[in-house]
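Here subunit A shows up in two complexes: once beside subunit B, once beside subunit C.
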Partner chain A sequence: MDFFYSYIALAEIYVLLGLSTNLLVGIVGIFSVSQAAIFGVGAYVVAYLLMNTAVPFLPALLAAAALCVALNILVTLPSLRVSGDYFVVTSFGIQLLATAIFTNWTAGTGGAAGLPGVPAPLIFGQELIEPGAFLGLATAGMALGCLGFWLIMRAPFGRLLRAIREDELAVAALGKSVLRAKVSAAALAGAFAGTAGGLYATFLSFIDPSSFDLDASILLLAMVVVGGARTLAGSIIGPFVLLALPQALALIDLPTSVAAAARQLIYGVLLIVFMLFRPQGLLGEKL
Partner chain B sequence: MSAYLRVVGVSKSFGGLRALNDCSFTTTKGLITCLVGPNGAGKTTIFNAITGFLVPDEGHVAFQGTSLDGFSPQQVVATGIARSFQNLRLFTDLTARDNVLVAMPGQAGETPLGAIFRPLHAARATAQRRAAAREVLAHVGLADGADTMVRNLSYGEQKLLSIARLLATGAELLLLDEPTSGLSGAALDRVMEVLRGLQTDGKTLLVVEHNTRVVQQIADEVVFLHQGHVLAQGSPQEIITDPALAEIYFGGVI
Partner chain C sequence: MLWLHLLVNGLVSGCALGMVAVSFSLIFATTKIFHVAHAGVYSMGGYLTWSALRHGAPEPLALLIGIVACGLLGALIQKLLYERLARSGATHLVVLIASLGASAVLQNIIAGVYTSNVLRFALPWADRTVPIGGVLLSMTQIVTVGIGLATYAGVMWFAHRTGLGKRMRAVASNPFLAEITRLNPRDVHVVVVALGSAIVCLPGALVPLDLGLQPFGGVPMLLTATIAMIAGGVGSISGAFVLAVAIAVLQNLSLLVMPGEWSIGVTFFVFVIFMLFRPRGLFAT
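Up next, the complex of A and B:
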């Protein structure tokens, strides 16, 4: 049963990341390939605060989210100067930079060895160690994220963001601030990713740079592509489908070295197949 | 009659090309002014300079006595000027109504905090705006197409929608870049009717127009632009019957 709970809790954390990526890439059209870096910062900040200070879980999570808001605004700002394809290159740079820091800043992140022993979240005196107990927290986090995403998509702000994706210049000509809208979207995406990071670190109790590298960013993009862009349903189903794959592979008893490669292979094939034959994903719109 | 929009000595060069060369003209409140001239005369460039999309090398633009120098497109719209684009630039993945809704100023729920923390307030405001959007669409004869995706509208309907979207900004001075190009027959008549209707509603229009028949039918005043410079400003009759201007317009050289 724990195996199943773990899968659900992890998928719920990735739904928050899916929402974050969908907001930037799908809705606003800022093609970020560095969302895993922001996710990582959230994870490391919560891990560091819980392991080295007396800050309780929820304030630590809040601090991580706040920092990720600021950071995501900063890394998204280049999209105001360099548009479309050019921003992807900038974003690659940001992701590589983040991975280098995660791997080499041993004092803060534990370097390549990572940070073991991140304490489980303590909420209202309850220590959420078992996957079943943690599931409640992950579900609450996902539900809040989904509610926020849904409210935004049906509000004028959501419409403005969709318009910006189509034609920034036309939006500016209508007297709207493209800058303010993009910064707001980046802030929101940062809050989602940072929160997801904090949940991830405390759920797994061990983090290392491999969870927050370029492969991880591409996995997030794959979740949006497979689930479908710009819809809540797409953001939810993408992570659940893609994270079910490694679980399914674990059932057919492959050697671990083969399983990891097989997973990457399947993700790659899925990206190609969906882009070619179903660009709208399972439950979304065309990216 | 006092100048509503005043363009004084505006020049702009792109590399070696002088797109605008000491360009000066005025428009009068409540009138339809047509901006004519051969291709490459600088008609769209002057639109860009007026609306803050382009910073002129020299010269000034003032609206109702207020200088627009250094204004961003957003600030220009706030003063009451809005412009359309020759290639429309509609949001094709949105419905006609949503295109109009995006353009409406000062909306509740247009920030993430407003959307998340005051959803009911945003929803109520949106309901009112939907009714207002329907009126704007009805004004250009698109009430039935409100829920249609823009990419499924005909070209003529898209032209009308771009006017509706402009109208939704609430601007008093509307700059229209070739609103009738590519249209003929009933669709052309429809757009002309809508433009005259806007004038009746008290709007002031500055229209880039190629079709001399349209100019004769809708223009109160004509500004003739050639090589970035205003050669003449006057009544349609004066401008169209001027043989020297006709020579330039229909392919002559100066």
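Up next, the complex of A and C:
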């Protein structure tokens, strides 16, 4: 049963993270492969605060989210001035830079060995160690994120973001600030990713750079693409489908080195196949 | 004299990086596709050449096999992926995601077949050193500089002196006009992606002579190359090559003040500076 709870909790954390990617890639139409890096920053900040200071869980989570908001604005700002292809470079650059920092800044991140022993979240005097107990927190986090996403998409701001994707020039001609809208979207995406990171670190109680590298960003993109971009339903179903995949793969007896490559290979194939034959994913709208 | 060594190393790796930048620039300027899968083709080139050597092919033949295979791989990617996507009216974003997928597929095929451990080219001549002007250069470095400069010259000659090269530049500068004047942009795209992929096999095989083969080495290389292309000005072959050399020199000289793990930071810093002050690049056309 714990195994099943873990799967659900992890998928819920990835739903929260997927919302961040969906917002940028699906809604605003900015290609991003650096959300895993922001996710990582959230995870490391929460882990560091819980392990080295007396800051309780919720304020630590809030601090991580706030930092990720600032960070996401900072990294998107320079390249928003220029065309989309420059953003691709920024995005890859941020991702590789973040991996370099996670791996090499041993004092803060534990380096390649990672940080073991992140304490479980303590909420209202309850320590959420068992996956079943944590599930409540993850569900609450996901529900809040989904509610926020849904409300924003219904609001004028959501329409503005979608309009920017369709025709940036027309939006600017109507007197709306495209830059401000994009920066707000980036900030929101940062908050989602940071919170997801904090939950991830406390749930697994161990983090290392491999959870936040380029491959993780590709997995995340595959989740959004397979589930379906632009819709809430797509963001929810994607992580559940893709996280079930490694379990299915575990049934085939592959050596560990090949298994990791095979998993990543499947994510790549999924990206290609869905883009070729079903760009709207399972439950999304056409990209 | 450490700085002189680093300067020379930078110039040499700049020639290798320049080949990646020039080949990417050819593809990007003509097809307007941000060909992320180029990183996978780069790695594939190295591994195929290594395999050919392993099976007893002499060095030039092994390299030739790698080049031809990469060219075919590029043509396949253009034909089976990009052309289909273009026909179904895919947006830029969709093409990018597909390209990222293709890159992941290529790299993980390599990781699955050859494992992700570092493989060594054991070539007896590669580490032999020759003193030139007070600096010891390895044969690998001399060959890299020679092939790098020859490739740059060859691409310049191709783009400006041959009929196909002129057609390529015509398609790059105005696809619509090229279509109605029957320059067949679609065929040109296939040729250009094949050519770029063939070229990237050269650094793909030369860089690992020093550092060994790794399935995922292509991504940082490609990122640096695209930064060189943007800083040099999109569409300028010379710009891409010169800036690649400059960035590689800067990366190497930065070793004087900080450890090598942070060289990606130096590269990215160059990009941010250009974004802020000269987003169209130095040699913009």
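As a working rule, the second predicted complex is superposed on the first by the 281 of 287 C-alpha atoms of A that agree within 3 Å, B and C clash if a C-alpha of one lies under 4 Å from a C-alpha of the other, contacts with A are read in each partner's own complex, and residues count from 1 in each chain.
We adopt the following convention: contacts are C-beta pairs under 8 Å (C-beta built on N, C-alpha and C of every residue); 3 or more make two chains touch, one makes a residue touch a chain.
Keep in mind that what you see is a predicted model, and the values were worked out from it rather than measured.
Enquirer: Following the overlay on subunit A, give me a clash-or-fit verdict for subunit B and subunit C.
Expert: Partners fit side by side after overlay.
Enquirer: Once the two structures are overlaid on A, work out the angle subunit B-subunit A-subunit C from the Cα centres, in steps of 10 degrees.
Expert: Between the subunit B and subunit C centres, as viewed from subunit A, the angle is 80 degrees.
Enquirer: Answer with first, second, both or neither: which of subunit B and subunit C does A:L221 touch in the superposed model?
Expert: After superposition on chain A, A:L221 lies in contact with subunit C alone.
Enquirer: Applying the touch criterion given at the start, work out whether A:G42 contacts subunit B, subunit C, both or neither, answering first, second, both or neither.
Expert: After superposing on A, A:G42 lies clear of both subunit B and subunit C.
Enquirer: Report for A:R159: first if it touches subunit B alone, second if subunit C alone, otherwise both or neither.
Expert: first
Enquirer: Quick one: is A:G18 in contact with subunit B, with subunit C, with both, or with neither? Answer first, second, both or neither.
Expert: The answer is neither, since A:G18 touches no partner chain.
Enquirer: Just to be sure I read the superposition right, which of the two partners does A:A187 touch: subunit B = first, subunit C = second, or both, or neither?
Expert: Once the two structures are laid over each other on A, A:A187 reaches subunit B alone.
Enquirer: For A:G175, is the partner it touches subunit B (first), subunit C (second), both, or none of the two (neither)?
Expert: first
Enquirer: With both structures placed on chain A, which of the two partners, subunit B or subunit C, ends up touching more residues of subunit A?
Expert: For subunit A, the partner with the higher number of touched residues is C.
Enquirer: If we overlay the two complexes on their shared chain A, which of subunit B and subunit C does A:G145 touch? Say first, second, both or neither.
Expert: neither
Enquirer: Can you give the closest approach of subunit B to subunit C, taken over C-alpha atoms and in whole Å, for the superposition?
Expert: 12
Enquirer: Would you please give the residues of subunit A that touch subunit B in one complex and also touch subunit C in the other complex?
Expert: Common interface on subunit A, subunit B vs subunit C: nothing in common.
Enquirer: Would you pull the subunit A residues touching subunit B in the complex into a rising list?
Expert: So the residues of subunit A touching subunit B come out as 148, 151-152, 154-160, 162-163, 166-167, 169-177, 180, 184-185, 187-188, 285.
Enquirer: For the complex, give me every residue of subunit C touching subunit A.
Expert: Interface residues on the subunit C side: 28, 34, 36, 81, 84-85, 88, 90-98, 100-105, 107-109, 111-112, 115-116, 219-220, 223, 226-227, 230, 259, 261-262, 264-265, 267-268, 271-272, 275-276, 279.
Enquirer: What part of subunit A is in contact with subunit C in the complex they form?
Expert: Those residues of subunit A that touch subunit C are 25, 29, 31, 33, 78-79, 81-82, 84-86, 88-90, 92-94, 96-97, 100, 103-104, 214-215, 218, 221-222, 225, 257-258, 260-262, 264-265, 267-272, 275-276, 279, 287.
Enquirer: Write out the stretch or stretches of subunit B touching subunit A in their complex.
Expert: 51, 53, 72-74, 76-78, 82-83, 85, 89-94, 98-99, 101-103, 105, 107-112, 114-116, 119, 122-123, 125-126, 129, 165, 169
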